[in-house]
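Shared between the two complexes below is chain A, which has chain B as its partner in the first and chain C in the second.
Now for the complex of A and B:
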């Protein structure tokens, strides 16, 4: 459907001449379709069906195995692509609704004309919103405009998944990429809103180090635990405690992204850990009051809270749990309902929920016993184990749970302690146990109570930081930006995240983290007792390790890449998606790592990064997302234009980045691959030398002697060869018959496909 | 037959033929023209009894003259043991190649007609086998894995005891040599 140009310009305040309006303001699903298709020509969808059937409509079930079609005509590839779009839409809607709620709430509080001020270091306040929509948000009301645009897009995307709609996998993929793009847009709006509305830290890199780990929670005080992603209610608790001089007397802590955002509000708040610690911590009984908000919250929290003797306040229309809505009641009455009548309640007013939580915690904590199970009692429970191993079979992380429990019963603690480190505490093992052994509870006796530090979220990368590192990133002398994001569905525990981050920080990459990954990275100490957050500087610089914040702050990572194009390279960004994405794909050596991604949100985020031209490495569990974007480096289309001459290169150009979304099985292989995925066609010889130096060194460290079998593809001329390996590599190249080739002057895909983008913009 | 891991229970109609007898397993391998043996990281991270898992796999490869694709970080251990691998891809990359009937294989002699997996993380292996089941009708897959894989064409039953697993390897090696 064609758009009304006048209406578009009105929405994006086209008369505001901060930059000329580019070719794609407020893009609809098909406006950037050609860009998607060009990406998909090289990075083809790879499908790994999780289920061979389609159960979507009443024609079914339809078996789609090996070439069969469903009653509607759909094939297995298209069905997988449809599933991926549905999942991306779930992720997008979660972030979008989160943003919508926060923005509406903050507008009610401060008014729609409340100014967005991200501090002296951030002039380009919303690089994604500017580039995608063409809008420069100045007030909270502008952020509502962003969410309205996202909501409109979402309706069309979800509509296409209905039976009898879209019929080609590539078009489903274009829609998934569009959903991912909208997802990052919604996240940026949400995080800017909360930074502005809650005065979260911005324009500083050195944010406070906050306490991390379940052992850090002082159980002698009343404890309020927030779970989820929307910090509005728990921030209200902080406000209530501060206003009543109670902050010292009550522990406020969080699990998952709400923990990030409450520590941005108050550095006295603590982080229990990532989402994999949810059931474990609730069952420890430390929390007197549990506040649930939205996303990644267990659906059985009411049952678990009851079991643990904790009070529960649900605060989101997304998660009502069948509870009575008491929003309209007086606070005193609600407190009485919870403390005396032991009711769990739904309170949809964040301010009211925040105050109730504080008052209830203070009232009930003195009467609660918070004792952990001791080793002796735990062993007695473990002795019930008959060794059937049904618990192990149920484990989603393929752990030998049964063996660990059995050995623990025999007095061997270490194995169960190690199992706990790899455990998601989902509780599936307990459900299978014919002896009803409380395995998660037993783990209290072996789980370390050590405390850690995590740097609280800092929000956007500063413009001045971009100016300082833009040149070395584009030339390649800073070897890459590696962003560790996403959830805690790790194959081998938190340790791997910390190790990967440390490897790249030591090598002077810029290392960024967010969400559960930032927490996991902090839960490991080096020999000197320091976490990665205490070991490295917090700036966006070579060797810096940054925490941007919660899930929605992932937008600032994409924002940093956009800013390199827009601020450093001065590319016009306004409504100029393709030019900026093309610049990132070909010139900004960034790689995302979602090693424990589990949620639909994580899929949407990753897919959004892919459309911006950023490759994403996923851990082994993510094969269950069913779709990847892979190339075949020696066969696929690597044709590219030299933007200076506007002519196609007539010889092979290196496959960089090689994939857009790939699952890698082991940490060792992932580290080597990440170094490779930071290579870009724009690298100068010095930059390429540095990148290849790391690629080769890491290969030798993790894959053994010799060279990567694709090394020659990334060497254009002898000047690309790292000095340290010069002789060895040149001998190898001679042996395999390598021949030098030209470096692309200004690599671009613009004009290699039908596009409204202007190639002059990239020069 | 249910695989060991619940996460790998099949939701579909086409399931693996269970091959309990190593004689039959060896016979399937022998009938293939261009087999490929894919080794995953469990082979270097675990022992069977006192012997490294990888050593059993290398015995099978040697006995059957099977080219090896070392995935993840398996290449390093092989290299330390003085064994050269025919190829080193990660698991998803090799599957992506195998999907293409025109791919020339790890020995550049044409795509493989029989793919055998061992030691790939079980949930990931199952996804890879699903890809090949749906998108690579030109080849057959075998999961030489004690945890059983319904998405393969041929799979083992669940083998719970180390001794039985060792026996299976020994029987397979003996029958590949004969």
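Now for the complex of A and C:
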């Protein structure tokens, strides 16, 4: 199925000669397949199925254990890979549809020729779109072109999951990697659209510190709560309030990514917390109006809103909740339906929904009582507990809910308070309780009312920042870029995210965060009462801690890695995916950490990063994604070419980065591993010294005495040995018979496999 | 090696603020302070010897400011006197690796602050600081075989030591002033940036610091001795082919080899013809402004648009990546002080615009006559305003009398 070249050039505006068009404009599923296969040769898929059956079609169900094949001929690895692809497609379609909605909405508002201007500090406005598609988006209409390309790709990807299609697990993995790539592309288009269309901050690092935490919400005012990812409706609320001088009088807050994006619109908006705070917060009854948009929104919000006495406006075709669509009705009439008839409604026009929310909140708030349950009443409720412990058994995080409630009934607050900090308030415990104890409600009495600060999302990394870190990255004083992303399914609450970020920021790594991870990181204070957002500088610099923004802003993290290649090293980026990904894999010491990833979107994002050559560390819960990309150190193919001489460096075993997707079970081990995954084969001796210094120091701090057992694999010459451990390490190397080896001048995989990339581009 | 406090690069840049301060040595409140590293003969240094003359950290009252002399003596058969300043700067670097120990300034301005937390953790003696220095010098710089460290905290003894240190500084400064490209036999090359920009090579001369500003001729000299096959290496000069733009035959050969043929001629002091390539991490840019036939200077931290309408990011995109781009060079800011600064193009007399902060920083290196003739963002925001300004002040470029 060859593409029409003329058509392709037309789509990407080939006549626009900002850079020559590279080898792979608008890549199809198979265009970058060889790159995927080369990655998968070293980083082999590792499957951990939950279920050995395939129940996809009516021939089955088919038992796939012990080498058995299904009725269609599929084996378990291929079936599992197919399952992963389906999940990646779900994630991709969520971001893609979100982008589609936003872009269409903003084009309606501003016109398709509305210019994209990301400010003085950002010239390379869309590194992913440029590199993957070969298009340089200049107007909102160009972003729609991006989404159209993503949509085309998605059809083919989903199609391949039908019974009787793809028959090899590696090809399914290539498709997952492709889905991940398209996912990042869609996210970049979506975030650029909202930055341009909503005037979100860009070209500044020092974005405002906004209030965070459920205790920060002023319940004496009418409160509007937005949940989800598409901030169009809640932004319309902000506009309405601003235009009517009501901003002081109404509290606007959000949960999950829509909270990020509304604080990018107005720094007076507040962030309640990450997605796991939904049930708890709704049940507090503080919100007068709840606006739901899309993704990661609880499916029982209508029921919960009713229970809490809050009004509900659903705004997305993705989440209609069976409600009446009132989009075509007059605003006055809708307000009346909600305030007087107590109806929950679906309004698909964001502007209308935004205004209705504001007016309803103002109308109903004075008549609502918003009191937290007090300790005495809560204890009384807890006294009903008969100690059956069914609640603890139901807890997905194995928290001792029952014991905490029981102790609380006896007057002990601490245990329940600690449990709440780790609790995601999923509510499964309550469902099991034979005495119908409102456990989540009881938690209100012990939950801290403390307020925190979070730096609001700043959007893309600036071109000049990339230049400024160029030298310290070369010289090694910045040992790596660590990105903490994703959702809130952490094993030990928000604390672990904050601690990990702090460990790397104090060691002068560049620490980037986004989405729910950025919120979690802000919910911990140091001894001076400062959150990580107040403690470290907000720039892309040594020891900087940055919030790029919501989920879709994750694209700017990949964008920063691409910019290192395209801006700092001036590699031609246009439609030159393999070349840039190869550069990132071998030279940009970046590592993603999705410590609490739960969603299909997170899987797609992680897989997208993997295709760019960025390793991703997942927290323990993410084993449930059922697929990892792991190497087996020395045994796998680490052969590399020195691009300078174009000669293969045989027997050159340096597992850097060691894995592309790995689950790590504890914070301690994760910290040590992340330091290792920032090592790259191009490290200069000084750079390698500093990276190894942290690897060793962190190993000693968290794992104990001695050295990591793979340390010798990362030491090429004595000049790589960190000066702080010189003598011990040299003694150790002597003992194990280590021999020095040459450093590869220009490590590359290009030309070591059948590639469309041109090796001349990397020089 | 075990110390009471942590030691590592993560502490570089750590501040010890007033509320955290246990005591300080040197600094503005103290007259007697000095720091000196010197090279001695092998038999004159007892390796690992740490001497403390006067009261130690634990003996001094909390909250006070005290005198300090630090004397580091190193020895090794390969060492030469020109490396002394490089080794002396390492006192600053190594001390800042120590948790809760902040070192700033140098020579007889030195200022050290020690935090309460560090003292609580056991940093109660300068002996520990000495041990860190003794450990790190030969670890990082294997050509140093012996190190001895002396701390003097007795005011009178510091005063006694000071004059000899001042003499050494003076001799060094004289040596630096006398160091010209003509006088030295070799330059140094640096290819550290090739890990990111494979065709870039920096040529470092006594009159031309690296583009990143981090490596001067002395650093290059020391590094090339420590690891002759490392990223910093000796570049012979060869024949001087063009005295004006400064082209040396052997420099050209090295550039051709290290850039894999991408460049084969390097003018060391001109933005025209075959200018020096630029990596990606240059501190500033010298750029030709054809409308006025002058040169502008733009630094990385200047956040607005330069006088020709381009912000740093846009302009940097034009010249980076190890390519020769006529009309532009990336440069270390300190290169502005060099007597050879763009010698081929008229030097500072050709410069028409630079950010105000840079101009102030360079004040002592720009002649008073030229100082008022160079525009900043306050005088000119675009070429029209610049032309008007240059006409008004009668800048040499307007009459073509800059060479």
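By definition in this document, the second predicted complex is superposed on the first by the 757 of 763 C-alpha atoms of A that agree within 3 Å, B and C clash if a C-alpha of one lies under 4 Å from a C-alpha of the other, contacts with A are read in each partner's own complex, and residues count from 1 in each chain.
We take it that a residue touches a chain if its C-beta (ideal position, glycine included) is under 8 Å from a C-beta of that chain, and two chains touch if they have at least 3 such contacts.
All values derive from a computational prediction rather than experimental measurement.
Novice: Using the superposition on chain A described above, determine whether A:628 touches chain B (first), chain C (second), both, or neither.
Specialist: Touch partner of A:628: chain B, not chain C.
Novice: Pick one for A:663: touches chain B only (first), chain C only (second), both, or neither.
Specialist: A:663: touches chain B, not chain C.
Novice: After the superposition on A, what does A:396 contact: first (chain B), second (chain C), both or neither?
Specialist: Once the two structures are laid over each other on A, A:396 reaches chain B alone.
Novice: Output check: A:372 vs chain B and chain C. Expected answer is one of first, second, both, neither. What do you get?
Specialist: A:372 contacts neither chain B nor chain C.
Novice: Determine, under the contact definition given at the top, whether A:724 touches first (chain B), second (chain C), both, or neither.
Specialist: In the superposition, A:724 contacts chain C only.
Novice: Going by the contact rule at the top, pick out the chain A residues touching chain C in the complex.
Specialist: Going through chain A, the ones touching chain C are 120-123, 462-464, 467-468, 470-471, 473-475, 477, 506-508, 542-543, 564, 567-571, 587, 643-644, 682-687, 690, 693-694, 697, 718-719, 723-728, 745-746, 762-763.
Novice: Under the touch definition given earlier, write down the residues of chain A that touch chain B in their complex.
Specialist: Result: residues 46-53, 63-67, 76-77, 389, 393-396, 398, 428, 491, 620-621, 623-624, 628, 630, 632, 662-666, 668-669, 673, 702-706, 709 of chain A touch chain B.
Novice: Write out the stretch or stretches of chain C touching chain A in their complex.
Specialist: Residue list for chain C touching chain A: 1, 6-10, 12-13, 97, 135-136, 139-140, 142, 192-199, 212, 214, 227, 230-231, 260, 262, 279-281, 300, 303-305, 311-314, 316-317, 320-323.
Novice: Report the residues of chain B in contact with chain A in the complex, numbered from low to high.
Specialist: Contacts found on chain B: 4-7, 10-14, 40-41, 71-73, 75-80, 87-88, 90-93, 95-97, 99-100, 120-124, 127-128, 130-131, 133-135, 137, 160.
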